[in-house]
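Sharing a structure below in structure tokens format, with a few things to ask.
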Amino acid sequence: MKHTLRQIFRSPNFVVGFSIFSLIILTVIIYPIFVPNPPLQIIAQGTFFEPGIYVNTYDSFNAPSYTLKLDGADSKRIASKLNDEDRLAMQEWLVGFGIPENEIDIHDTEALLNLWNTNFDPTKRFPGMTNADRNYFIRLNNSVQGLLSTDPAIIAVTDEETGSLVETDRVQQTDYINVSQVANVRILPLGTDNFGRDVLTELIAATRVSLLIGFVAGIVATLIGLILGLVSGYLGGLVDDVIMFITNLFTVIPSFVLLILISFSIGQDQRGAFTIAVVIGFTSWVWTARAVRSQVISLRNRDHVNLSKLSGHSIVYIIVNDILPYIASYVVMAFILQISSGILAEAGLSILGLGPRTTEVPTLGLMMNWAMIYQAHILGKWWAYFPVIVTIALIAFSMNLMNTGMDQVFNPTLRD
Amino acid sequence: MKGYLKYFLNKLGWFLVTMIFAFILNFTLPRLMPGDPVAAIVSRLAQGMSDASGVQAIYEQYTELFGTNKPIIEQFFIYMRNVFRGDFGYSIAQYPRTVADVIKSSIWWTIALQFPAIIVGWFLGNMLGALAAYVRGGFDKIIMPISIFLSNLPAFGMAIIMMVVFAVWLKWFPTSGGYGFDLIPNFSWKFIWSVIVHYQLPFWSIVIITIGGQAIGMRSMSIYELNADYVKYSRFMGIKDRKIIGYVFRNAMLPQITGLALSIGTMVGGALVAEIIFSYPGLGSTILTAVLGQDYPLISAVTLIITAMLLTANFALEIVYGFLDPRIKATQAD
Amino acid sequence: MANVMLEVNELSTKYITRFQEDVYAVDKVSIKVEEGKSLGIAGESGCGKSTLALSLMGYYFPPLHYMGGDIIINGNKISGLDPDHVRKTVLGKEIAYIPQAAMNALNPTRKIIHFIEDVILEHEMYVTKKDIYERAKKLFETLGLPPEVLQKYPVELSGGMKQRTVIAISVLLLPKVLIADEPSSALDVTSQKMVIKMMKHLMDAGFISSMIFITHELPLLYNVVDDIMVMYAGQIVEKGSSHEMVFDPIHPYSKGLMGSIIVPEEGLRDVKLTAIPGVPPNLKKPPSGCRFAERCKYVRPECRVTSVPLREAGDGRVYRCIIPETELRENYAREEQKK
Amino acid sequence: MKKILYIVSLLVIASMILTACASPATEAPVEEVATEAAPEAATEEVAPEEPASSEPADPNSLPRNETLYFNGQQWGSVVGWNPYSTSNNNGMAIAQQDNARVLMFETPYAYNMLDGQVYPLLADGAYTWNDALTELSFGINPAAHWSDGSPVTAEDVAYTWATHVKYNTPTGAANTAYIEDIVASDGSVVIKAKLKDDGTAVNPLVVQAYVSSNYVIQMAWTQTLEERAGGDATALLADTAEDVVYSGPYHKYFADDSKVVMIRDDNYWGQDASMFGKLPIPRYLAHTIFKDNAAGTTALTAGEVDVSQQFNSNVNLLWEQDGLPISTYLPEAPYQIGASLPTAFFNLKSPGLDQVAVRKAIAIAVDYPTIIANAMTNQSATFDQAPRSLMNPTAGEQALYDHAAVADLQWAGNDIEGAKALLDEAGIVDTDGDGWREYNGQKLSYVATCPNGWSDWQAAIEVVAAAGKEIGIDITTNYPEWAVYQTVVTASDQPLPEGYDIFMMWSDGAGPTQPWSRVRHLISSEYVGMAGNWNGNWGGYANADADALIAAIPGMTDGAEINAAYTELVKIYLTDVPSFTLMYRPQSFHTVNESVWTNFPYDGDGTNPPVPPMDLMDGWGVAGLYNLELVNP
Amino acid sequence: MTLEKKLYLSAKGVSKVFGFGNQKTVAVDNVDLDLYEGEVVSIVGESGSGKTTLSKILLGLINQTEGDIYFQGVKRDISSHAKKREYWKNIQAIFQDPFSSYNTFNKIDTVLLDCINMRGGKYFPREKKIELMKEACSFVNLKFEELTNKYPFELSGGQMQRLMIARIFLLKPKILLADEPTSMIDACSRATILDELMHLRKEIGMTIIFITHDIGLAYYVSDKVCIMEKGRFVETGTADSVILTPHHAYTKRLINDVPKIHEEWDLTTV
């Protein structure tokens, strides 16, 4: 046993796969300890907030302010509001308004804004100008107002008695705060999703659930397959015929179709994550059963089994001691594959809207499904779907690598 | 030939038995779902009717039409009889369209997309696996893990990534549909070209995920075959490596045909999902529509047709396999 | 003295395992086979006899690696040549091989005739398929094989037939040297006999000039070859004519080997079979002294330290032992008396 | 009543229920007839029906600058072109709603949701009521003619009605309670309202809505159809009517699984000076059929769709972030004109929910801004912008009640403390210390439901559940499949089963009978106990005062009186909280891509009457088609 | 001389048919066999002759299709696990392939302990068990100390097969069925195995059924030889009579086709 394990861990494929998988498992276990946020809590009002560090604006006003004189701060500020494209668009509008093009220097911000402020008229339309263009110029106009002002921003509160505004503070353009001194900062490494949930927290919870689904599906499939394979292979005869008949049926009926049919007939309100896992397991035991059976058949007539019989051992003892250890490697390999295919199956079902019901737990498939419904891929909100795809792929990939590694160890012909 | 005939009959028998079983499953499973589909149609039709007896009358008319008032066994036989006539009844969600009509308009897209994609993917995967087995070294250590990784991308993930990259960012290919949005089907070059362009993304997204799995299998098979005695003997008879590789690939590929037959079911599952992402007008989209619309006659029929297609493909592959591999004939002739 | 067909000088080869360990399977083996002669190689499993067979071909592919030594066929050195050159000009034409498991030696999905075409086209240009067919048919007929076999797949042939087909293909290009590695070990006795008969016929009819026959079945070897060479742990331990080797072995290992022969002949039941206890050494780290020392009844302390050279015993007979021939024979006689 | 149907499809569409064919047929078709009526294979080549004077150069491609592309109206292939049937799944040509599609078939009047007025289409000038409000009459525009060239006559209008009644079509069934008869007299159409015992009309509002929501169908063609159907109602309704005679500016050009294309009829009567004075600008109207919203949005961003009637999530990003020439009717949130009120109903039979305090506490604790921001991606007016009432956010309806009078009753949500106080005050407190409140010793524990896959509703329901937890009421969620859900919810003769304590359904959008009809559907007790209740008030609320007011409003003519009545109804609604609106949804999503066409209607575009954002095909929205311009002519 | 001995095991008309329909194969065809106390009987046949099937039937590992087996004159009853267990106290086997005779996951001690348990030593003290095991090992010239706690793959084939004999030594069955016990062993070790087997036979007075394809080996070890072809016994008799004066054509061929060293191997007769 130790020997085999050592051999397995000498296979680079297995080691890489195992490392990735362990990393995933560790993340799933450790992350919630440090970030105990409920994964389904809606924290954002609005959808698909970009990944980043969110600093509470109100708190930042009250945080100690520092003056930093940094070069280029002004130009950065201006550039963030008025980029080259906007400048060209302004030029275009101004030319359309009748100002000669050579009089407009789009790099001279001050002159450009002066020209713009004196001439811009939102009601004006030129031939070929669409409503979208019009809206754009109005937004642009709003955004550049006061852009060149160097005055501080004034913070004022309403006086409760008089109802008038009382100035409490001024924020200079050179004021900075230290993020660590702001009371409320939330890091959203992967932003938020369409429900306004923290994607990373949700992803990790979903990975956990998906892994569990995979495990349950794998256990169900492996158990069914193992038992049927053992019984069929060991007992032979009529039992074997009947079991093989069923197995052959399940082999040729596409499991995905079966999965759709069963999931569909269960109905959404019955479809918990566990149920889905069991259904997936129920539709994917065939390979295990076949592999186990053929192994058992070849083992059944092996001399050590005969010897064990001659030593007076019972069937159960023989199966447990003389057959199971031999097929254990196959079963473990099949189990690993079942887990990864279970996770993939859940994801596929969820995309079809046949996944587990959403309310209690996130799953990778459901995250994917919702990201698609809210069109994250079209809107360029990669963080809502890409990490999910990568996670699914990594899980499946690591498992397959482990499997390939084990295969090389257990299948001597595959060794070089 | 006797051996082959026996093989053929054996497979044919299996094919038929499985069809019957699949048919029963297809009939039964969707009907286990809670909710009365006829009520769903009728209650929509009955809006605006103020008297309950009118609704009841409509309801009875429709149960008669859908046959849901009969015992399930009788329904089964009626369904079976109708299916043999090519009549799958009415779609619930698209009533009064018939299921046959709904399927007829989508099935060819799926067949034209998936079978070539799966075969090309299978072929490329086998080439890759064989190369990996033969070349080994860097190729085996880099290309193989990459292809395994790609094949482990979920089908929809692959489709989405391809769509985002090639259609949304690079705008090399259209994002959805089976042909140009500004065209009407006809036999002009423009239309055919449009179909071809629209075909690419769904096609390759299926191909790429198919490759990896096949490559892994082929690699193992090839290594196994490369160690076979006939390789050593052929080498000592002075046959050049290229030719021996040819032997090996052919022999390694033969079991892969069975592998293809057996995994085609799973592949189609993934491929259907890819169709959905690209809004390709095939059965994948039809299934999605049917599932969301709780359209069980349609679900029954689509799954039945997919099963039938896959079983037929499976059957055909087995037959081809038996034909290609002399070992089959020999074992059956005993 | 007859023409030397195959001469091998101090040939050494090794296996490299997937864990990059070297296994020194053939250690400085020298062989000389004259035209019209056959040499048998005997030994326990794992003694390196099959590896020697592979090594003699002069064409190496992983995991087998050439380390040193010469192979000379009919005066032409083939070792150290460009492998592709060896493949085209030597394999099949100068030296041919019959594999151990002939059952699987033919590509299961290729008809016999197609394989024959492949083989011939590899070595000869400008031949038509029709010619090849005619040639193969003739050869098969000569060798007593039905020509229908040509149109069959290997799976359609019985074990014995398959083996004979392989032999026929091997001599297709009339090689000078044929190396047969246990060609009959998986067959039943009758098929085995047919195979042997065919091989004898090959020699007699001049299809091949000389043969190396490898088997662990001593009675068979005795009946087939002129000379027998006993290998142990990658080395030659003794060589002599087959009669001498069977009835008068010198080396203690050969002695033990010959003492274990069982044949259904009268008097067999009264024979006391000899046994050699222990197992052969690990060839990853071969012992520096006599490799048989651990199992030898007559072992002396110096056996374990000094490497033992082959000794001449006259008439081409060689053996590898510190103890002189005469002393060994005395020991044997003493034991005989004890019984 | 029919508005519901419209909203069904609306919600269905936006919720990715791709088979938005929530459209009633009449009586059950008989099998063989239905088979005969099976639509042709979609892949079949369909030649242009009517060889128009100028054939397009390439009949197989649609010139981009002559074609206006749509999405979101049609999900799945078109089944037929029969204006009598509404089960044709033909979103472009046949959608007999309050705002009927008038591209192919036309109504006498076109409704404009922006100002709530109707404008003559086939009719000649405004309709008139007689003094007793029992008879409505209007003339037919003498210029109006059918596609076969024959004039549209009052007889056609009368015969259409007669056919609806004769075959008991959904239209017939829905209106016979209110319309006695429609007759042609002297070239004019006279609609006789059904009268109550006291001689007044049962409901003048419904009568007057008829003229803007029901097509006029040619009598001659109807007779052909009747002949073909052999007098069988099912056959009549299941007929695909490829030969139908129409009066509108467009007709079928091509239809398959991927698209529906309509071509302009260059002989359209509407180019007469008395109507539009010209033909609509695009020669083709093409609707691409997408499988889901995502595909539709992708096409919109790619410029393959000009007018998008679907939920494009975060639509503002398309121009703000991607800089695409895409715009909505309003430049800022809520981008669309809200018209319907997706509503959570309380099952008044659930223990505890019979208490106003519990209902109201839940309703005021819900975080509506989050629902609007996340579920609707801000494409809904907030409850600050349009305070909670029974009205939709259009100016017309908002003017119908006294805002100040009900201001105290309204809530903007997120009022956790207020909700807790309300419950504490009512004595509904946590007595056993498990963190949940009890009523009559029983833990307040509810299931909130909506159909599975209706994404925005599901998101909203999640927020409702979260609110419950904040105030000590255990609300869990459950999403049954639509087939199950609708069966349960619409069976009002059965008590709602466990698991339907709080459930979402729709309310009416905009239309000529609104807001009266919406109010009725939300709170009128007439639906309680009705089998197959597709109308409203699914929670089983009953209030005699409200019933009386609802009955009285259609007969009211005085504005102040109507205003007072509505104010009173809003008061009752906000006090009793039988249901609460979670968001506003537009009647139609109206998002346009101006890369080819421009001059689509937008807020403040200066059109008079204003063209509503109804995708250029609904009611008065069709007027927008005459204003379009090419960006690059 | 055999007549005085006790009839241990006899098979009457035993047949075994595998499969059904056209897949039917008759592996053992109406075989009669009598086995007396203390004798060594060889069953000789080429591969596919049914000898292994017959041995399994005799062992009770598979059931015969027809015919009866009598053990010590009584019809064998192995219908229950307990009865089988009882039967197997009397008949044991050594198999062809020592490498597959061991459960590679168990230490080799298990094999010997199983025997002690079967002979009622389950509750023996540990020392007693070890003593028994030591005794058995030394019987086959193995050192228990060198073997204990080892796994099968750490042993050589010869060692494994000898341990199998030690196992029989512990079990002391009345009949031993040796199924080609030396065919996988190198010639040098073969003699050791055979010696130990014969030694054991003397030691515990055991009857041996020797299954082999090697007619020379059969001749060497056995008193009686049964030649088996295609499921049937074609010739049965004492070793000398069958091997030296064969009557049946098959036996003749078999003997004729085996290479010999003292006689000319006649290649012309093929």
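Structural remarks
A, B, C, D and E label the chains in the order they appear, each numbered from 1.
Note that contacts are C-beta pairs under 8 Å (C-beta built on N, C-alpha and C of every residue); 3 or more make two chains touch, one makes a residue touch a chain.
Bear in mind that the values here come from a model prediction, so they are computed numbers and not experimental data.
Between subunit B and subunit D, the least number of touch steps comes to 1. Steps from subunit B to subunit E, taking the shortest chain of touch contacts, total 2. When each chain is reduced to the average of its Cα atoms, D sits farthest from subunit C.
Of the two chain pairs examined here, B-C and A-B, it is A-B that is joined by more C-beta pairs in contact. Of all chains present, the one whose mean CA position sits nearest the global mean of protein CA atoms is B. Per-chain Cα centroids separate subunit C from subunit D by 92 Å. A separation of 27 Å divides the Cα centre of subunit A from that of subunit B.
Centres computed as Cα averages put subunit A at a distance of 63 Å from subunit E. Subunit D has its Cα centroid 37 Å from the Cα centroid of subunit A.
Chain contacts: subunit B has residues 33-35, 163, 168, 276, 288, 292 touching two or more partner chains.
Residues 1-2, 4-5, 8, 16-19, 21-31, 34-35, 37-39, 41-43, 45, 59-64, 67, 69, 76-77, 79, 87, 89, 170, 173-174, 177, 238, 254, 256-259, 261, 286, 288, 290-292, 295, 298-299, 301-302, 304-305, 453, 481-484, 486-487, 490, 493, 530-532, 534-535 of subunit D touch subunit B in their complex.
Touching subunit C in their complex are the following residues of subunit E: 46-47, 156, 158, 186-192, 194-195, 213-220, 239-240, 243-244, 253-255, 257-263, 265, 267, 270.
Those residues of subunit A that touch subunit D in the complex are listed here as 40, 42, 44-48, 85, 128-133, 135-136, 138-139, 194-196, 267-269, 353, 357-359, 370, 372-375, 377-380. Partner subunit B is touched in their complex by these residues of subunit C: 57, 59, 61, 87-88, 90-93, 96-97, 99-101, 103-110, 115, 118-119, 122-123, 153, 155-156, 166, 169-170. Interface of subunit B with subunit A (complex): residues 14, 17-18, 21-22, 25-26, 29-35, 136, 145, 148-149, 152-157, 160-161, 163-164, 168, 216, 220, 223-224, 227, 262, 264-266, 268-270, 272-273, 276-277, 287-288, 291-292, 296, 299, 303, 306-307, 310-311, 314.
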